[in-house]
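You will see chain A twice below: alongside chain B first, and alongside chain C after that.
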Partner chain A sequence: MFSYAKEQMTYDLEGIKVGGQPGEYPTLMIGTLFYEDQFHEPESSLEKAKALIEDQNRISRRTSVPSMVDILIYEEEEVEWKLDFALDNIEGFFSVDVPEAEVRMKVLDYLDQQDSLHRAIYNSLNLGMDEEEFELLKEKTPAGAILLGYNPHDNSAHGRKEMIKDGGPILDKGLLTMSQEAGIGYVFLDTAATPFGEKACETVRAVPVFKSEFGLPVGCALHNTIESWRWLNDYEERENIFDKLDSSIDTIPLTLGADFIYYGPIENAFDSILNAAMVDKMVAEGAQDYFGVEISKEHPYHTLR
Partner chain B sequence: MDMNEELMTTVVGSYPSVPGKKLLGSSYYDGSDPFHESLRRAVKDQLECGIDMVSDGQTRADMVSLFAQKLSGFRVKDRVELVNRVGYRDQITVEDQKRVRDLIQDNTLLKGIVTGPYTLVKSSDNRYYKKERKAVFDTAEALHKEAVELSDICDVVQVDEPLLSIDFPDHAKEAVETVLDLECTTALHVCGDVSNIVDGLVELNVDILDHEFTSIPKLYERFDELDFPQRLAVGVVSTRPELEKVSTIMKRIEKAYEFFGPKTMIDPDCGLRNLDTDTAKGKLKNMVEAREMFLNG
Partner chain C sequence: MSETYPWPGDFKTGDETSPVAVVTLGHKIDLDPDKVAIWGPMKTENLGIEKVVANTISNPNIRFLIVFGKEIRGHRSGRSLMELAKNGVDEDGKIIGSPGAVPYIENISEEAVERFREQVELIDMIDVECREELEEVICKTIQKDPGCFGEPYTAIKIERIKRSKFHAEFALHSSLSVSPWGEIKPSHQEVK
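Up next is the complex of A and B:
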């Protein structure tokens, strides 16, 4: 295994340590709730959602691999009921995952109204952010944010790094500078999974590149590469293999020292978190014996003998 | 429209159409290709201006990265590097050209563009090849495969070799001809001052030569000294941000026609990528208007 020459930042999210050198802390595994069309009807979904959160918590406790819930919000009408659900049923921090900029701004407004911005990890600051959203972020600032290294002009690791560092050919300044100007405390760098054929490998390569350059917690949602795999989606045995591939692909960035993983639908918690525990143990062993990295006490290295 | 149309209007290639930030942002989540929109706008603007032979606008990336990202052997890092033997992996701009073909009418022609092998190699940090000549030929053979695919869709396939204006070695000439060994009409665009290499350019086995006559007016005399078989795409609009008047462009067209007669095609000096969209569109519109004024006496 390996270690970074650059000092690596560690966050303490109410007892969950994220970041550091490979092997130092277990990976933060983030499961997404309200994924796709499963949970559009609030009445029928809330009990199931609560059960899924508890399932994730249970496997997290059992393995010592920390987890977080990611609340996916597509439409403005979903903002209030999904955030109400999160605020009532999740302890501590949660990620709020919002593809559309207009909806993201509604999320900030509502979290501010509920005096809960201090619990939110905003997913994400990306190249789609305009001045209006940026100004709102400065006024209503979440505790943390995911900075998405997606750069459609150059999907090499370097192009992705540019998006974080200086905005590449699209933004006037880098997403990191923007997050600092907004006063965001916990900054997470997402290497931005791309499909096979669109330099999916660079998503993984960017993990050490980002860690070396910025020294901040780095991760990705590589399961998206599986979901966009055209061959697999047409494969006659897809139903039998999809979930296995969706959760196992995350072991690749983990071996390169990723600090957090958006592993996809929270239903995959069992497989994904156990995979992470297995790789975390391997990485920790290599980091300790070769680089003298001090492995944290609550780590699967110690707890899953 | 046929290729022999008198004073045919065309473009060199790039156009300043970029997808909006919000579209770029949402494309990550919905898996859409944001460059379909920028391509559509680039083509729409060219059609609205009345351009006879349009391009896809090359909106995806700069001319070097666009090809280096897709050819094997190149690696895009802080700069483009040559790290292995160059080969053709997959189509590069073919799908975009099909998309343009669907957007245009039968009376509009389509130009497919390939960045030249010499420019690609010279723009790269060569960490693999001992001899530049070999790197250029491997790249030429790879690009030829793309050019063959483009020739099934496009009316003209053009090679862009801006760096030939700086140096024009024999292997660069052969490489251009390798890429453009096609059944369709072929073109070579070299921007910058080509006055010292005109003799070599006209010897190339290409159908259309395309150069910056507005910025480098001495090219008129240089080409006029020679007897050459190619049609000449004469840059009659600069790529500077000032919008030239129709009357100014018409005088340039008059001059071009006076020198080269029916061989003349007209276009901007170079790609318009670095201009704002209004200026780029204004230049194309004025160029077409100037052509009409000239033709109508």
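Up next is the complex of A and C:
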């Protein structure tokens, strides 16, 4: 339905194309492994984790909607076994989602030791990054990074853009400049999901704003808005509807041309990837009709007739 | 939301005259409403803490805030709340000494934060998950009540964005010009 006057960058991640004008390429769907309540006994969970990765791969192959695995690492002691698991069981690129700066630095050290920085998408560069982490990133540079537009000072689409562009009132320079100075090749812009009541819609509005301003792949993890929805969490029929809402909310940014989605727990691969295939088909049809966009060969538009 | 606690959040309320409030981090539990003024989970080290601060200072009878339960991994919101009480925030709104991922207080005033630091004493029960132990601490803490802090303090959520009336001149965002055919161009007329 939309096309951007600004030229849109496309990345080729070992055959996975991501970015471009809406409709050109299917969405990159990223499922997260190792949520806190996903696996209670890490040692016995690895077989289950392998099966979940295979499920995601299978539904990706079936739909032509590409996917990636996001490895969630909370604590320092998890760094080695989770990264060993990722390096042994995932082909090509993977995302490492690490909330704490101290742990992120350990991840960089270990990936460097394993000569595997070239496979990692660092999730994320955000306003919590300090000088020490920035210096380490310059020395041990991952292939790609998610730049998180979260701006607690101004969570409008404009404020989120400023965090990427010039750091807003908090950082001395924008996250984009920092990623360039670190030499990160694949830069992905995350519009930073916020809860309902905290300008949740600006997460969606920021998708076209970011694409128009920067011309880089843009996405978000809007399932977090569902997970923080207080009413839903108390709703007596929550169990019957939660997963459906968690995956279907991602269709909203996709209609505005989002290029990648962190869809939440990898268990939701089936619903989330099918939803993306459906919207990708719709967007591609419109893009071809109105803008003459050339739809890529491996796209649900062609393969899911 | 209630008259006493104006900021919406995931909490339950009890006796307003009790000096004790409890943050239960990731836990949803029921506590004795005759003993505890307000209690509930708190997951994030920014928006979550702001709500706790606002709803604590709106009831001057609350003099103790117990931070109970398993720490929220990644966010480290329990530890961040402890550090807020200990150190306050820096000029950017960052909680000094917080180990959390994005520990910024931006939607309430520094005055409100300082009032919180003066009004309540925090009791560290982070990573304690024994319910009986919590109940014991609640009972002991009630005995130490120093009395009402003074007038209620209603923290106003800071609205930083200037609102402009919507004139239907833009559909998606003021920085974008969308042609009738759906082509998106910069509008060069951004309204912040």
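Here are some notes:
Simple rule for what comes next: the second predicted complex is superposed on the first by the 304 of 305 C-alpha atoms of A that agree within 3 Å, B and C clash if a C-alpha of one lies under 4 Å from a C-alpha of the other, contacts with A are read in each partner's own complex, and residues count from 1 in each chain.
The rule is simple: a contact is a pair of C-beta atoms (placed from the backbone, for glycine too) under 8 Å apart; a residue touches a chain by one contact, two chains touch by 3 or more.
These numbers were taken from a predicted model, which means no experiment stands behind them.
In the three-chain model built by superposing on chain A, chain B clashes with chain C. Once the two structures are overlaid, the count of chain A residues touched is higher for C than for its counterpart among chain B and chain C. In the superposed pair of complexes, A:Asn233 makes contact with chain C only, with no contact to chain B.
Shared-chain residue A:Ile170: touches chain B and chain C both.
Of the two partner chains, neither chain B nor chain C is touched by A:Phe196. Of the two partner chains placed by the overlay, only chain B lies in contact with A:Met129; chain C stays clear of it. In the superposition on chain A, contact is made by A:Pro99 with both chain B and chain C.
Contacts of A:Asp154 after superposition: both chain B and chain C are touched.
When the shared chain is aligned, chain C comes close enough to touch A:Ser3, but chain B does not. Residues 99-101, 126-128, 150, 152-154, 156-159, 170, 195, 197, 228 of chain A are contacted both by chain B in one complex and by chain C in the other. For chain B in complex with chain A, the touching residues are 18-19, 21-31, 34-35, 60-61, 65, 69, 75-78, 90. Interface of chain A with chain C (complex): residues 1-6, 36, 74-75, 99-102, 126-128, 150, 152-154, 156-159, 161, 169-170, 195, 197-198, 205, 208-209, 211-213, 228, 230, 233-234, 256, 286, 290-291.
Across the interface of their complex, chain A is touched by residues 8-10, 43, 46-47, 73-76, 92-93, 99-107, 160-161, 172-173, 175-176, 178, 181-186, 190, 192 of chain C. For chain A in complex with chain B, the residues that touch the partner chain are 99-101, 126-130, 148, 150, 152-159, 170-171, 192, 195, 197, 199, 228.
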